Structures are given as structure tokens and as C-alpha cells.
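In the two complexes below, subunit A is the common chain; its partner is subunit B in one and subunit C in the other.
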Partner chain A sequence: MTRSPKLVTGLALAGVIVLFGLLGPLLTGDPATIRDSGLTPPGGEHLLGTTLTGQDVLAQLAHATRGSLWLGLLVGVLATVLSGVFGIVGAYAGGAVDEVFSLFSNVVLVIPGLPLVIVVAGFVPADQRGTSTIALVLAITGWAAAARVLRAQTLSLRNRDYVAAARVSGEKTWRVIGVEILPNLLPVIASQFVFAVVLAILSEAGLSFLGLGAADSSTLGTMLYYAQNGFALQREAWWWFVPPGLVIAVFGGALSLINFSIDEIVNPALRDRVRRDGDVVASDPAPPEPDAVLTVRNLNVVYRGDTPVHAVKDVSLTLRRGEILGLAGESGCGKTTLAYAVNRLHRPPAEVTSGSVMFGDVDVLALEAEELRRFRWVKLSMVFQGAMNSLNPVTTVRAQLKDVLTTHRPEMSSAQREERCAEVLRLVGVDPARLGAYPHELSGGMRQRVMIAMALLLEPRVMIMDEPTTALDVLVQREILDEIKRLRDELGFAVLFITHDLPLLLELSDRIAVMRDGEVVEHATAEDLYLRPHHPYTRELLASFPSLTGEAGALTR
Partner chain B sequence: MTTLEVRDLTKTFRGFRAVDDVSFTLSPGRTVALVGASGSGKSTIARMIARLVKPTSGEIVLTGPDGTAVPRRRYRDHVQMIFQDPFASLNPFHTVEHHLARPLRLHGKSPAEVPHLLERVTLPPEIARRRPHELSGGQRQRVAIARALAPGAKVIIADEPVSMLDVSIRLGVLKLLARLQREEGLAVLYITHDLATARHFSDEVLVLHQGRIVERGPGDDVLLRPADPYTRLLAAAAPNPETRFRQGGPS
Partner chain C sequence: MGYHLRKLAFYLTALWAAVTLNFVIPRLLPGNPVDILMAKLQQRGGSVDPAARQAYETLLGTGGRESFVQEYLAYLGNLLRGELGVSVSAFPAKVTDVIAGSLPWTVVLVGLATLLSFLLGVGLGAVVGWKRGTWLDSLVPATTMLSAVPYFWLALILVAVLASGLGWFPLNGGYDVVLDPGWSPEFLASALYHGTLPALTIVLSSVGGWLLGMRNMMVSAMSEDYVLTARAKGLRGSRVMMRYAARNAVLPSVAGFAISLGFVVSGSIVTEQVFSYPGIGSKLLQAVQNNDYALMQGIFLVITVAVLGANLVVDLLYGLVDARTRDRSTVS
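Up next is the complex of A and B:
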């Protein structure tokens, strides 16, 4: 894992302050010793000067830092345990326990924290108001938000198959929670813990400043309180109140930096993005075949990084008018990278290093941003794997279809748009009455049809379909495949159909390209590929699925 | 020999009958394939047999090698499940060792058997130290099979065990299951939507539609000469290059 500068800075700053809190009190002498000197500026014997009563500020600062850290740690642990019990146990148990626990968390959450702390702290007599009391009050008012986060995470984790597998193997409930679920929550718990510590130190400083802090210990907050009471500001004794304030600010900042890094470790998408270097533009694209709508020549795509991955190697493909070209390959063979690169949808660190993509006689890789925007969807549309889940859940099918027309066909009237939307839905076999439906009201197969309708909306000449039926049922898959064939016959567009399902391609495609490790190893008509495969990998793939009607032979033994 | 009998199994969710009066028997050395489209109730049956979901009515009776019914608390020594998605069924936090040693310990066996378990699923012993993300899909599914074998289970519920794997490795995993079934006399319930493998890897095929078994019998009879209209629909829906190129069907 690469060390992020945030994490290193955060750890270094927090480490210095923790060390100071641990070792400082041993080195700086007694903070309570009163001297006659009164308020003296930093220098000489007292590195950070003295207070009104001649006490050494550095010694006070060391003890106060230790006090604040101890309190932060105490609150962090207490709040984390509370949020864990209410969040994780509740969510795993489910049913009534979860209802009660989450109701309780929500009630605690809406109670305004700091005012409550002030009221509670104010009620506890000053002489009984020890660090532990304050810590308890802060923990009780501060755990609920974390409990909700943990509950949400646990709810998703408890439905994972590995949890079911542990139950099937006979694990006890507490072990399932402790050994299977808890470790996967650690990043979240760690980040909630750090947050609780920061919040506790800040809240305690506020409380102490108001004179409601712990009576038996010195913290950064009590230091500020005494500085305020000693009129440090009016006397311009900055050395009295700036150091504790600075320690609070730096420690809070350091922990926040650590927290961001935890988020980044958990969520790779937040890590620094790679700069986008320009893709190589074809130097001299040769004229395409007369019948070709899409010509890919010697395309190379590389994922830049510490160890560059050559995902697409010298791929050449020609998609002719009205043809269904199958691209077969297993996970990780580069077929999706290829599809993205053809549409210039690839993102850094992926980069086209050489080759050309010609759409008719347009060099796709050379298009400017605005030309590219007009090209995509109008000339070439795409249906992704799981595309049915990429419909916006909060707007209707009509709004989403019309949006495409509004963007690309601004000259159309509203009535014309409505008519066109209804027309494409009819094309894919969905009743236009469903235009008003929201995506969740449609089945998976219907949603995928809507996505295909959206891809047809602007009458593109090429559609790229990346595993469009993989997430669907066999029966629904059959309907969609029949629909694609019928639409191709009626409208005459060309389809690049990408899937790992070779039997499906053999049945659907005119020609098939077999891809492996970024290379096209065989490219032939469906019939030739099936009856006369040349490449050993093609033969291996063909031998890897039994035929429904054929003989099993040696296949199963 | 351990036999599992399912009698009149029914599961309703808020009045919707997900599984409706299903009966079948899993006996040693035999594979029963349960086929159907998604939503037909296949997985619910698997989860009821694995005791992850409580049946609304009906019985699951497990008869041990001594001919008597197996008591409830010993049930999981005998019946284990293989899940569909090997990327989800192994805990990303734990090593392969943990995944196999835990069920061994829970069922009174020694964790020293881990290398032997790995060998039975044709994995090298050094894989025990790895974590799931370091394994390929096929390796993960083999680990999941080893985990199901760890308690010494004789009844294996395989819920779509290869549908998430790449085509080229599916057959290897299915062959492994078939070999274990033969050599160790396992009773296997193979749940799938892939009719071709259901036909070739089973002794009996059950076709499930809306929670009911609509057709049952030997694979060749059910899938080559389907009597039920729904089975016919399923058989026709499966992509089959054979019909296009070998029998002169429409292209």
C-alpha cells in the first residue's frame, strides 16, 4: 500500500503530541508550584513563560495535554463500545431487538449534544465532577451517530454469503459477529473512534472553558479557563493561551488527517487520481473497408501504474453494416477495456498508446470534446452489464428517455419527443403506457429493455453491448436476444456484442472474435469458429460447455 | 449411508408461496438437479435445507448411516452447502486456513486435516496461507467445496456453484463435484439454471416453476423430451449452437 502524505503528516503530528503528553510531565517539573515572579514572557528558565501566579506554562501544558488525551481515549473507547453494542448487535439480531436499539439510537441522536452535556455537567456537583464523570457524559451523548453507521454496515454484511456459510458450518452467534463480521467493520470502527476522540477533546475544552469541566484534573480546557480568568488576553500574555489552543487545533487536525486516510484505505476511489496524459492519436489512419461502420486497427490500451498492464494488445476488428460481431473472452481478458476505448470512455490510468478507431471515416480518437459529445450516443451507443441498474431511481422512464432527446435533438417539439419515446419502447416490446413508471416498478428484464430503448433513441449506427443479459434470467435473456436480432433486421444497425458466454455468441453472432489476455486470438464466422476452430484456446473454450442436446461423451468424466 | 428426504416443503413470504409442496429424496452417490428460472424458489429450498430459513410447513428428514433420524444438533455434521458466489462466500478478512480449520474444530476434528481437505479438492497445501482476494474464482470455489466437506458432510447442497465462474473453469469444478460424489458416496443437490450441465451431471432432474415441481425424471427424458410446457420453454430458451449449425436450424 502506498503511504499517503495525509496519513504520514497526521500520524507524525499526532505522534509528537502523544509523546509530549506521555513524556512531558516527567521532564517539566511541577505545574502547580507558585512563584513570586508573576506573569513572565517565554525565555530563560521558563521556556513558555509563566502564568499570573508564576506557574510554569510548559509544565502546565504537558500535564494538560496528558489530561486531555486520557479523556479523549476514555470517551473514544466508551463511545465505540456503546455504538458497537447498539449498532452491530442490534443489526445482527434483527427483528424487535433491532427496532428497539435503533429507536434508542435515533432518540439519543436528536438530543442536542453539547447543551445536554452542559446541563448534565452543571447538575453534577463540582467536587464529584471527575474526569470519568465528564468522559461518561461525553460518551453517552456522542455514540449514537456512529451506531447508525455501524448498523447500516452490519445490515449489509450480515446478508453476505460468508456469514451464511459460517452459520451453516455451525458457528455460534457471538462468534459470527466477533470473527466474521467485526473484522470487516474495523476500518469504520477505527474512523468512528478517531472521530469520537477529536470530538471529546474539543467538547471537553469547551466545557472546561465554561467552568463545567473535571475538577480533579487539568486539561487543555481548564488551562484556557484559568487563562481567561487571569485576563490573559487583556494582559497580552499570549504564551498562556496560545499553546493549549494550538495543541487542541493541531491534534484535532492530525486526527482528521488520519481519519481521511482511513477512508481512503477503505475506499480506493478517494485515492489520488492519476493525471490524464493525452491519448495517442492515430498518425495515419488507413481508409476503412467500404462496408465497415467501425474499424479498430492495432489498438493498444495500457493501464499506467507502478506495473503497467497492457490490457488491449494490438487489436484489430471490423464491424460491418447490420452485422452482429461477437467478442468472446473471460473476465480480465480486456474486452470491456476495449469497448470503453472504442467509445473513448476509458478513464485514467487507462490510456490508448497506439492504434486507431475509425467510425466510417471519422477518427474517433482525434475528436475534440464537443465533437465527441455529439458522436457518442448519436452514432454509437452502449448498453452496459447491469445497465438496468443504472437507470435513475427517482425519475420516470419518460423523463430519462426525454432527457436524451432534449440534449441531442433540441429542435424537436415536446410532442415529437413524447412520440419518439413511445415509439422506441414499442420497438423493444414494452408497453408505452409504462413511460410514467419509475425504474423500481419494472422487472429486471423490462429495465434492460428500457436501457436498450434508450440506446436506440437516436438511431445510432452501432451499438456496443457489454454482457447485456448476464444478470438476467434464461427466459428473459432469450426474449432480449430475439429482440436484438429482430431490431437489427428491422433497423439495420450493427452490434458489437461482448460476453463470456460463447454458446450465446455462437447462436447470435455473424462473426466472432475470441479474446485472451488482451489479444484477439481467433476471428472467424460463427459457423467456422464452431465447426473448425483453429486456435487451441478457442477449442478449449468450445470444450468447456456441454451441449444441451449433444452427447456428453468424455465431457463429464 | 446418509439420506435426506424433503416432504411437502412449503415456504410462504407474506402470503406469497415461494416454495409450494415440494418433495424429493437425496440419496448417497446420486445427484439431483433442481432447475428453474430466477424467482422459481430454488435458492429458498437450498436455504431451508441448510437451515438458514425456516420452512412454513413440511419436513426435512435426515437419516443417518445407522438408519435412525439424525438429531437436530448433529444436523450440520451431515448437511453442508456450497454458495453461488465464491467472491462473497469467503470472508475477505480471513485466510483459507481459517475457513477450513473452523468447521473442522466445530465438528470435533483436528485442524491438521486442512492439507488433506485441500488435496481432496485438488488445491496445493500452500494455499492455506492465502486470503480470498489472492485466489482465482475457481480456486475460491474449490475452497468453498472443501469447507462444505470439512465437517464430514455426506449431503451437499450446491446452489448455482459455477454460475459466477468463467466458462472455461466451470467444467473443472463440476467434474470435481461429480468425482467427490462418486468416490465418497455423497448425496448432492445441484441447483442450476443451466439445463445442459443439469442434464449431464445428474441422475434426476426436477424442474421448478413458481415454487412447484412441474416435471421430474432422468435428465435425458426431462430435457430432451419435455412434457411440461414450462420445461419446453426453458429448454428452448437456453442458447444452443448445436441447433444452429449441426441440425440446420434457422440462423
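Up next is the complex of A and C:
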């Protein structure tokens, strides 16, 4: 694992402050000694100056840091235990226990914490307000947010296969929680603990500053209280007032940095990423064939990284006017990367390192950002693999169809746009009344039809379809394929159809390219490929699918 | 049960819990608040007749003369009638009057500052997430550092630099005391001027949390298929960012508003104290320092009701921004 600079900085800063709290009081002398020198600025004998009563600020700071850290640790542990009990145990037990625990956590969460602490502190007489009382009150008001997070995590872990397996095999509850669940929750617990410590130190500082802190302790908050009541800022004695706040801020900041790093370990997508300037390193256009709408020549796509992955190797394809070109291959063979690169939708660290993509006689790889944007969907539209998630879940079908028209056809009137949206829905056999529907209100097949309707909106000459029917059941799949063929015959667009399903392509496509490990190993008409497969991999693929009569290998000749 | 009904039921439960907590705390903790109150009342020249004592006992406990249930029912009855008792620190004013006089200040200050902070944090977070890998990334640790600074410390530093040092802002107070509170333009301008520094403190301290949350959700949203579709559609970058990525990424921030609002309210109490702002936070501390238990309880109740109410409104609005919640059947 590579250490992130955030983690190193965070650990170093927090470490320095913890060391200061541990060792400082031993080295800096008695914080309470009163000298008649009064307020003196930093320098000489007193590195951080003295207070109004001549006490050494550095010595006070060391003791106060220790006090605050101790309180933070106490509250952190208490709050983490509480959140663990209500979050993890509740979620694991499920049913009524979970309902009650989670309701309780949520109620505690929405009742504002500090006002409650202030009221409690107000009722407890000052001489009975000890560190443990304050710690307990802060823990009781501060655990609920963490419990919520832990509950959500536990719920997702609980349904994992290995946890279910352990439960079915009759392991004891405490063992399942301790051995199977807790270790996986550790990063989350650690991050919640860190958060609880910071919150406790901040809250305690606030309480002490208001004169409501523990009577028997000296913390950064009490130090600030005395500084404020000694009019430190009015006397311009910044050395008295600034350091305690700074220690809190730096410690809090350091723990936040540690929390960032934990988040990034849990969720690698959040890591910092170096942005590259271009998505295309080189393009060497070649003259296209006369009837070709889309020509890909010697295209190479590489995922840059510690170990670069050459995902697309020297691929050449030609899509002719009105034809359906099938692209077959197993998952991970680079066919989706190829589809994205054709429209330059690939993202860093993927890069086109050489080759060309010609749309008619337009060099797609050479387009400027704005030209590329105007090219997309107008000339070439796409239907994606994860069609279930390809629609924006929070806006209506209408909004998602219309924004294509508002962007690319600004001259159309609102009524014309509405009419065009209804028209494409009718084309794919969806009732235009569904324009007002949200994606979650549509079935999988409906959503895929909406996606195809969207791809038809601007009547592009080419449509790239990436596994458009894979997630659908067989009957719906059949309907949609028939729909695609009918629309192609009516409207005359060309299709690059990508799937792992070779028999489907044999039936649908005019020509087929077979891809393996980033290379096109065979490229022929559907008939030739079926009757006379040349490459051993093609034969292997054909043999691996059962024929429609159910006999394995019957497709091979 | 519908989404709205479920939310309403939850907040009623929370309200009941807060009211009960308010009833239980003075009875469970050590000390004898009623006697302290009566002594205070006498100092201020108030009547110490049995009726006054009984009013406080209903609020704080009879010391075992009546059963818990009787006390609880009497207490709930008083609450329903809006009787929160008499304040001893502002004697002879009633608690409700003290609260009514200070609440608007806090609602406006905290409300505006929170709204500003939310918009700023979410807006910046969206941009920082969208432009990941640029110098903007450094905004995240910078604002998080600001959130780790105690509110009151930041407030005092701001006062020292911007008010005492540069003289740009008044040192404290909510308005210029020579003016009469009212809706006159002078008074409103003065209130705005006095409120700027407290609001700035709240915004600076709370913006980091919103920013970080939004940035992280933005990064996740950007790898979603619908954002890829939007880019393939040739939509302008700004539209992809706003209508697709940010529109989805903001949902957890809205849903998590409840948690954050509690923190902001807590922080603003201390901030008000620093600025001697005439809001409910200063009054709460004044009540604590003067053992004005009736006022203390009343204010806690009002703060809780305000926070619960704000959360309820946000939750109901959430149903509007995410159509899926209305059809879902589980409680969050």
C-alpha cells in the first residue's frame, strides 16, 4: 500500500501534540506558579510568555493539552462503545431490536447536543461537576451519528455470503460479530472514534469557555476561559489566547487528515488523482473507404498506471452505411473500452496512444472539446451496457429526452420538442404518457426502450449499442432486438452492436468482428464466420454455445 | 404509511422524548433547584407565596410529595397551555416573553448563516469534486482545518482583527442601541451590520463539513452511468455537472441536514455569547449563570422544537427532490 502524504502529515501532527501532552508537563515546570512579573511577551525564560498573574503559558499549555486529550480519549471510547452497541448489535439482531435501537439513535441524533449538555451542566452544582461527569454527558449526547453509520455498514455486511455462511453453520452470535463482522468494520469504527475525539475536545472547550466545564480539570477550554476573563485579547496578549485554540485546531485538523486517509482506504475512488491534459496522445488519420460511416484504424488504448494495461491493440474496423456490425468477445476483452474510445468517452487513466477514428471524413480524435461535444449524439449516439443505471434517477424521462434537444436543436420551439419526444417514444413502442415518469417507475425493458428512443432523437447515422439487452429476460430481449432491426430498416442508421453473445450476433449482424485480449482476431460476414471460422478462438466461442435445439456444440461445423 | 406520515410520526416521537428529558433531568440530578429558585425570587422582590412555589415544583420536581405520574401529567398540562413559568433573572417577565424577545434574533442569524453555509459548501464541493485533480483539491483540507477550530475562538480572533483592529465591524451586540427596535430601514441596516461577524463565524466554521461531504458524493456520482450517458449526449459540461452529477450528489447532504443543523445550533450558542448577541443562546447562558432553571428549560425546549421543525421541513422537501423516497416503504 502506498502511503498517502495526508496520512503521514496527519499522523505526524497528531503525534507531536500527543507527545507534547504526555511529556510536556514533565519538562515545563509548574503551571500554577504565580510570579509578580505580570503579562510578559514570549522570549527569554518563558518561551510562550506569561499570563496576567505571571504563570508560564507553555507549562499551562502542556498541562491543558494533556487534560483535553485525556477527556477526548475518555469520551471517544465511551461514545464508540455506545455506538457499537446500538449500531452493530441492533443491525445484527435485526427485527424489533433493530427498529427500537435505530429509532432511539435517530431521536438522540436530532435532539441538539450542546444545549442539552448546557442544561445538564446547569443543574449539576459546580462542585459536583467532575471530569467523569462531563465525559459521560458528552459521550451520551455524541454517539448517535456514529451508530447510524455503523448500523448501515453492519446491515450491508450482514448480507454478505461469508457472514450468512457462518450463521447457517451455527456459529455463536458473539463469534460471528467478533470474528466476521468487527474486523471488516474496523476502518469505519476507527474513523468514527477519531471523529468522536475531535468533537469531544471541541465541545469541552466550548463548555469550559462558558464556565460550565469540569471543576477539577485543566483543559485547553479552561485556559481559554481564563485568557478571555483576563482580557487577553484586549491587552493584546495573543501569546496567551492564540496557542490553546491553535493546539485544538491543529489536532482536529490532523485527525481529519487521518480520517480522509481512512475514507480513501475504504473507498479508493476518493483518492487524489493527477489530471492529464489530453485523452488522446496521437492520432494519424487514414483516408476512409467511400461508403464507410465509421472507420477505426490501428487504434490503441492504454490504461496508464503502475502497470500499464494495453486494453485495445491495433484494432481496425469499418462500419458501412446502414449495416449492423457485431463485436463479440468475452467480458474484459476490451470491447467496451473500444466503444468508449470511438466517442472519446474514455477517462483517465485510459489514453488513446495511436491510431485513428474517422466519422465519414471527420477525424474524431482531432476534434476540439467544443467540436467533440457538438459531434456527440448528433452524428453518433450510444445505448449503454448498464441501461438500468443510464437514466438519471432524479429527473423525469421527459427532462432527459428534452435536454438533448435543448442542447443540440436550440431553434426548436418547446411544443416541437415535446412532440419529437413523444414521437420517438412511439417509435420504440412506449406510450408517450410515460414522459412524466421517473426511471424507477419503469420496468427494465421500458427503460431500455427509452434509452433507444433517446438515441434516435437526433437521427444519427451511427448508433453504438453496448450489451443493450444483456440484463433483460429472454422475451423482452427478443422484442427489443426485433425493434432495433425494424428501426434500422426504417431509418437506415448503422449499428455497432457489442455483446458476448455470439449466436445473437450471428442472427442480427451483417458482419462480425471477434475480439480477444484487446485484439480483433477475426472479421468476416456473419455467414462466413458461422460457416468458415478461421481463428481457433472463434471456433471455441461457437462451440461453447448450445444451439437453439439445446445440443451443446451443435453450432460448430 | 406514507412517507410524510412516517416522518411526522418520527418527529413527534423525538419531540415527546425531548419534553420528557426536560422533565426528568432536574429530577434525576443532584441539587435542589426549587429552593434555589425561591431564594432568588425573594432576592428580586418576587412573591414567595405557595402558588409560585407550586409552579416551580411542577416544572422541576416536588421532592417526592406527589407521584411521578401526577407530576408528569401536571407538567405536560402546563406545556400544552404554554405556561413555562416565571424567569427569575428577568423577573417579573414570563419565560415565554423572554424567549419571544430573543428567538427571532437567533432564528434569523442561524437560519441565514446555515443557509449561506450550506449553499456555499455544497456549491464549492460540487466544483471541487468536478474539477478533481486541480489546485482546488487543496480547498478540502483547508476548510476542514477551519471546522476543527472552536467557534468561539474563531469568533474572538475575528473580533480582535476585524472589529478591534481594523474597526470594520462593531465589537458586539445585535443592533445600535440608540435605535428603537422596529422595521425602520436604519434599524434593519444596523442589525445586518451587527450580524455580519457572527454570521461569518458560523459560515467559516461549518462550511467545511458541507464541502467535504458534497465533494465525496460528487466523485462517486461522476462515475455513475447516467453521467456517462449525459456526456455521450453531448450536453454542455455545466449541464452535466449541475443536472446530472450535482443533482444526485446533493441528496445525502440534504438528508444529512439534520445531523449538521444540531452542530451549527450548538456552535452558534457559544458564538452568540462571544458577541453578546441578543439571541436565545446568550439568554440560555445567562439563565445557567443565574440558576434561572425555568428559563433554561424553556429555552432548551424551544431550541429543540426549532431544530426538529427545521428537520421536518427539510425531510418533507427531500421527498420533492428525490421522487424515489415517496415510493419507498422503509424508514430511514
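In the analysis below, the second predicted complex is superposed on the first by the 449 of 557 C-alpha atoms of A that agree within 3 Å, B and C clash if a C-alpha of one lies under 4 Å from a C-alpha of the other, contacts with A are read in each partner's own complex, and residues count from 1 in each chain.
Note that in this section contacts are C-beta pairs under 8 Å (C-beta built on N, C-alpha and C of every residue); 3 or more make two chains touch, one makes a residue touch a chain.
Remember, predicted model here, so these are calculated numbers, not experimental data.
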Does subunit B (first) or subunit C (second) touch A:184, or do both, or does neither?
-> first
Mind working out whether A:13 is in touch with subunit B, subunit C, both or neither, as first, second, both or neither?
-> neither
Quick one: classify A:309 as touching subunit B (first), subunit C (second), both or neither.
-> neither
Touch check for A:160: first (subunit B), second (subunit C), both, or neither?
-> first
If you stack the two complexes on chain A, which partner ends up touching A:390: first (subunit B), second (subunit C), both, or neither?
-> second
Once the structures are superposed on A, label A:77 by its partner contacts, choosing first (subunit B), second (subunit C), both or neither.
-> neither
On subunit A, which partner's contacts cover more residues, subunit B's or subunit C's?
-> C
First, second, both or neither for A:366, with subunit B first and subunit C second | neither
Identify the partner contact of A:475: answer first if only subunit B is touched, second if only subunit C is, both if each is, neither if none is.
-> first
Just which bits of subunit A does subunit B share with subunit C as contact spots?
-> none
Subunit C contacts subunit A in the complex at 10-11, 13-14, 17-18, 21-22, 25-26, 29-31, 33, 132-134, 137, 140-141, 144-145, 147-154, 156-157, 159-160, 164, 216, 219-220, 223-226, 228-237, 239, 243-244, 247-248, 251, 258-259, 261-263, 265-267, 269-270, 273, 284-285, 287-289, 291, 293, 296-297, 299-300, 303-304, 307-308, 311, 321-324, 327, 331-332
Once bound in the complex, which stretches of subunit B touch subunit A?
-> 37-39, 47, 50-52, 76, 80-81, 83-85, 88-94, 102-103, 106-107, 137, 144, 147, 150-151, 166-171, 174-175, 178, 193, 195-197, 199-201, 223-224, 233-246
Mind pulling up the subunit A residues that touch subunit C in the complex?
-> 6, 102-103, 106-107, 109-116, 118-125, 128, 145, 198, 202-203, 205-206, 209-212, 221, 224, 228, 233-234, 241-242, 244-245, 248-253, 255-257, 260, 263, 267, 269-270, 272-275, 343, 345, 373-378, 381-382, 384-386, 389-395, 399, 403-404, 407-408, 438, 440-441, 451, 454
In the complex, subunit A touches subunit B at residues 160-162, 164-171, 179-180, 183-184, 330-331, 473-478, 481, 500-504, 506-508, 526-527, 530-531, 540-541, 543-550, 552, 555-557
